[in-house]
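Paired with subunit B in one complex and with subunit C in the other, subunit A is shared by the two complexes that follow.
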Partner chain A sequence: MAESILKVKDLCTSFNTERGRLKAIDGVSFEVHKGEMLGIVGESGCGKSVTSQSILRLYDEKSLAKYTGEVRFHDSSLLDLPEKEMRHVRGEKISMIFQDALSSLNPVFTVGNQIMESLLIHKSITKKEAKEKAIQLLKDVGIPDPVRRFYQYPFELSGGMRQRVMIAVALACEPELLIADEPTTALDVTIQAQIMDLIVEMNKRRGMGVMLITHDLGVVAETCSKVIVMYLGQIVEEGLVTDIFDHPMHPYTIGLMESVPRLDSKTGERLHQIKGTVPLLNQIPEGCRFAPRCPHATELCRKKMPEFLEVSDTQKARCHRINEI
Partner chain B sequence: MKRFIVKRMLSVIPVLFIVSIVVFMLVHLVPGDPAAAMLGDMASPEDIAALHARLGLDRPLPVQYGIWLKNVLTGYFGESVANHQPVTGMLLSHLEPTIHLTLLALLIAVMVAIPLGMIGATNKGTAADHSVTVISLLGISLPGFLLGLFLILIFAVKLKLLPSSGYAGMNAGFLAHIKSILLPAIALGFMNAALMMRMTRASMLEVLNSDYIRMARAKGVSGFSVITRHAFKNTLVTVITVISQALIQSLSGAAVIESLFAIPGLGQLMVNSIGRRDYYVIQAIVLLIAVFNVVINMFADLLYGVVDPRVRVG
Partner chain C sequence: MTKTIDSSIENVYAGDRTEMKNEELKQLRKRLSKEQQEIKYRRFFGNKAAVFGLIIVCTVIFLALFAPVISPYDPLELDTVNRLKSMSTEHLFGTDTMGRDVFSRVMYGARISLTVGFTVGILSGFFGMGIGLYASANAYADNILMRICDGLKAIPSTLLAITLMAVLGADLKNVIIALTVVNIPNMARLARSRALVIREQTYIEALRCLGAGRLRIVWRHIAPNIISPIIVQVTFVFASSIITEAALSFLGAGVPVPLPSWGNILNEGKGVIYQAWWIVLFPGLFTALTVLGLNLLGDGIRDFIDPSSK
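Up next, the complex of A and B:
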């Protein structure tokens, strides 16, 4: 197995809110290896974005967020790094791309300016070299006429083009790990496929690790080797793509799988939905967090939190009734 | 960019046209022969007839407007009804105090308000932020003349550092000049500063919560650079708006402060002219302030375009 680059252990992130301190993620642990593509799935509000942004410590620690646990990147413990050193991890070693490129690119700076900025912060190169590199990057991410685009502003580009620009910004310093938080959700289907192809290509060609957050299970099945399923701030199941898709163990994962529209489904057949919605952070149930929505819930489930146990060498799940379902 | 500038500059022409018609009509509602009123009882009938002809008062209204407009554009606003002097000369002698007072007030407001607003936003919820909020609330609720009185009591009467009233022109020396308008400028600037602070803080907060700020942090941009480069340029549009509004506000709102501090500015001239029913002076001041207003807004629009590329094309 390839070398491990990121090791997250018992990560908890809590936020200061009007309703007091709320834990958005609670004891999340996983690992990403060199060149690996890890999928993170779960409904909206399950803590996928908080997990990924906590790795880079993007939440303000003065007044908003508190992190505990361990985030180990190679030999450095990111949660303990001083802000100054943390800045050299962000954008240089670990990069991130977000869902909405229009709002994620600064509207008042040119595309070229925003790509060059990463380079000028992290590499000791001249402006001229940075400019050449930026144009090359625009070309690499498949943007035609890169010299002209270099001088344009984000609002002058199409949605797919902007997403490519954001990827160019993220890849500028050739990071070892790319965190992609729903990188294609805001795009239409054909563009989605092109952007995913681009990410996969960068993953293959550069051996860059990728954490892919998405609620498109089809994309995960096609691109990732491992999957993490999150529910309400915890990992409820993890395994190889084959494990999760061929024999999901956790009732939540099973519910997610059943709500995927199938190509072979007869027209008019109603999609299976998990009943209810993800609770808010101040309404986290006791015992198994999924119990209020789980068709298999028992008294035990409502009282006692299930442990995260191995089902096989490669698969783990957090459920009392794995053996019965 | 050139097209944008030309377009914006041309767009003020219709506005100025409407303003001029309204201001022109203002005086036309006044009864009596304006020429006779302007020249007074001692004038000879020939002089009155000559001014009558110069103002085109026996011509139809549209022609009169044309003559008036031509007079105004060449700097002739008629004669004062009260002292039979040319209005233009009166305006000019009152213009300098107001402009200097307004600019100093604006400078004070900008230098205090913008940094404080940014500090408030970047330290949201801390003691520093609460102090900023309290100061700005105070500034908004405290009337300018009251603050002016306090300032006079403290700095002129008690500490004897600055004159309590009166105006020293530039010819009295730069320091004496600034000293004479410092207290009124603080009184005038504080209220604007309060508003500016609130707007800057609110706009900065919104920007700091935006996705591109998160993206900038994820790129490894330092906290300082995030605020001064990424966030500040995006709050500039708001800052330009509040500065231009503050400028207009203090130009037209200086009258009370000018009266309190006995500054012989436009505001004082306006107040006195209203008392004397000196219509042509009133007309000229109204026109001047309206034109300032339009021009300041036009400049603000041009600056939006400089700051925000989306405005340039839109």
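Up next, the complex of A and C:
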């Protein structure tokens, strides 16, 4: 197994809200290795994005958020780093791409300026060198006419082009870990495929670790090697792609798999859905968090939180009844 | 145009070279930015109201700049024989109570009114933006600064200006100071509210992901995003300061008397409005036209500088 870059252990993030302190994620642990692509899947509101933003400590710690647990990036503990050093991690060591590429680019600067920005923040290079590097980056992410694009504003580019620019910005300092937070959600299917190909290519070519956050199971199956399934701030199942897709253990994962439309399903058949909705954070059920929506729930499930049990060497699931289902 | 640019890009990238020839790049950039400038100019000059505003403002600025050349008389020269003379070829706008040439006084008055308006606009824009941005970035300072602004805004602006003038004394410099103080709170509020909106945008979060520091984000990334409403507001303050200055001078709390400002001339003419209406008409007309022109221009500038508005 390749060298581990990021090690997250028992990470909890809680927010101060009007309804008191709410735990958005509760005891999340995982590891990302060099050159690995890790998929994080789950419904909206399950804590995927909070996990990624907590790793970079993007929430205001003075008034809003509180982090506990441990985030290790190589040898440094990110949760203990002072803000000033944290800034050197962001963008240089770990960078992030967002869902909506239009609102992720500053409308008053040219595309080139924004790619140069991250280079100028972290590296001590001249503007001229930064410019050459930026144009090279635009070319790397597959933008035709890079010189022309360099001088254009974000609103002059198409959605797919903007996402490519965002990727160029994120890759500018050659980070060791890329967090892609639903990078293809706002794009149409053909462009989605192109962008995913680009991310996979960068992952292979640079040996960069990638955390892919998405709710598109198809994308995960195609690109990732490991998958984490999250539900209500907890990891409910983790394993290799083959494990999760071939024999999912947790009822939630099974529900997710069945909710994907299939080519071989009967005509007129209704698509499976997981009943109910994700509960609010201030109404987290006692016991197993999925129990109220689970078709297999028993008395025990409603009372006691299940352990994160090993199913095989590579697969783990948080369910009392893994052996029965 | 586009064709030549495309082919020059091909030249730059011929043979998949990564190094670039700086000369070619520079030229390409020049041509591209020229192309964009043309689009922008078309956008501005296609806006008839803005062009009309620009013409008015330019004319008034021209008159003010060349007042000594244009004016046939010294604006301060008394000629008691020719008091309250109606409009004639000798005195284009007639003469006032002391026989001074109203035309010359209005031309010189333009100098003072524009100086006051322009300086107040720029100063209050500058300080207002600084204060607003600082407040948006620092919660503690925000509370203090905004309460001060609220306090200043609670007093009607003309009243506040009169009070300040009473304290500072009637002087051109003091008029500028007083009007700047009056206008800063609005400007700071505007800058702050815009900055708070921009601060929540994804691209600011993305910048934080890139490791940009707080100062860099505020001054380099938020500031250019709020500048266009500020510039528009500056032109409006420019216009309103001309009115407020005229009001102050009209009330005798503005520019001291022998100096001709539009407000002063109005003030002197108000007593004889039935015998010599021209003394009041022309400075009033100039004030109104200039303010109209500035407002039209302000709207035009907004469309012109905002790269995403079409």
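Just so we're on the same page, the second predicted complex is superposed on the first by the 323 of 325 C-alpha atoms of A that agree within 3 Å, B and C clash if a C-alpha of one lies under 4 Å from a C-alpha of the other, contacts with A are read in each partner's own complex, and residues count from 1 in each chain.
Just so we're on the same page, a residue touches a chain if its C-beta (ideal position, glycine included) is under 8 Å from a C-beta of that chain, and two chains touch if they have at least 3 such contacts.
Everything numeric in this text was worked out from a predicted model, so none of it was measured.
Per the definitions stated earlier, placing subunit B and subunit C onto a shared subunit A by superposition produces a clash between them.
Within the superposed three-chain model, A:58 lies in touch with subunit B and with subunit C [touch as defined at top].
In the superposed pair of complexes, A:121 makes contact with subunit B and with subunit C alike.
By the touch criterion defined above, A:223 lies against neither subunit B nor subunit C after alignment on the C-alpha atoms of chain A. In the superposition on chain A, A:135 makes contact with subunit C only, not with subunit B. In the superposition on chain A, contact of A:147 is made with subunit C only, not with subunit B. In the superposition on chain A, A:49 makes contact with neither subunit B nor subunit C.
Shared interface residues of subunit A (contacting subunit B in one complex, subunit C in the other): 56, 58, 87-92, 95-96, 98, 100, 103-109, 117-118, 121-122, 153, 155, 166, 169. Listed in rising order, the residues of subunit A touching subunit C in the complex are 56, 58, 87-92, 95-96, 98, 100, 103-109, 117-118, 121-122, 128, 132, 135-136, 139, 145-148, 151, 153, 155, 166, 169. Listing the residues of subunit C that touch subunit A in their complex gives 5-6, 9, 12-13, 18-20, 22, 25, 28-29, 32-33, 201-203, 205-213, 216, 221, 224-225, 307-308.
The residues of subunit A lying in touch with subunit B in their complex are 53, 56, 58, 63, 83, 87-92, 95-96, 98, 100, 103-109, 117-118, 121-122, 153, 155, 166, 169. By the touch criterion given at the top, residues 124-126, 210-212, 214-223, 230, 233-234, 307-310 of subunit B touch subunit A in their complex.
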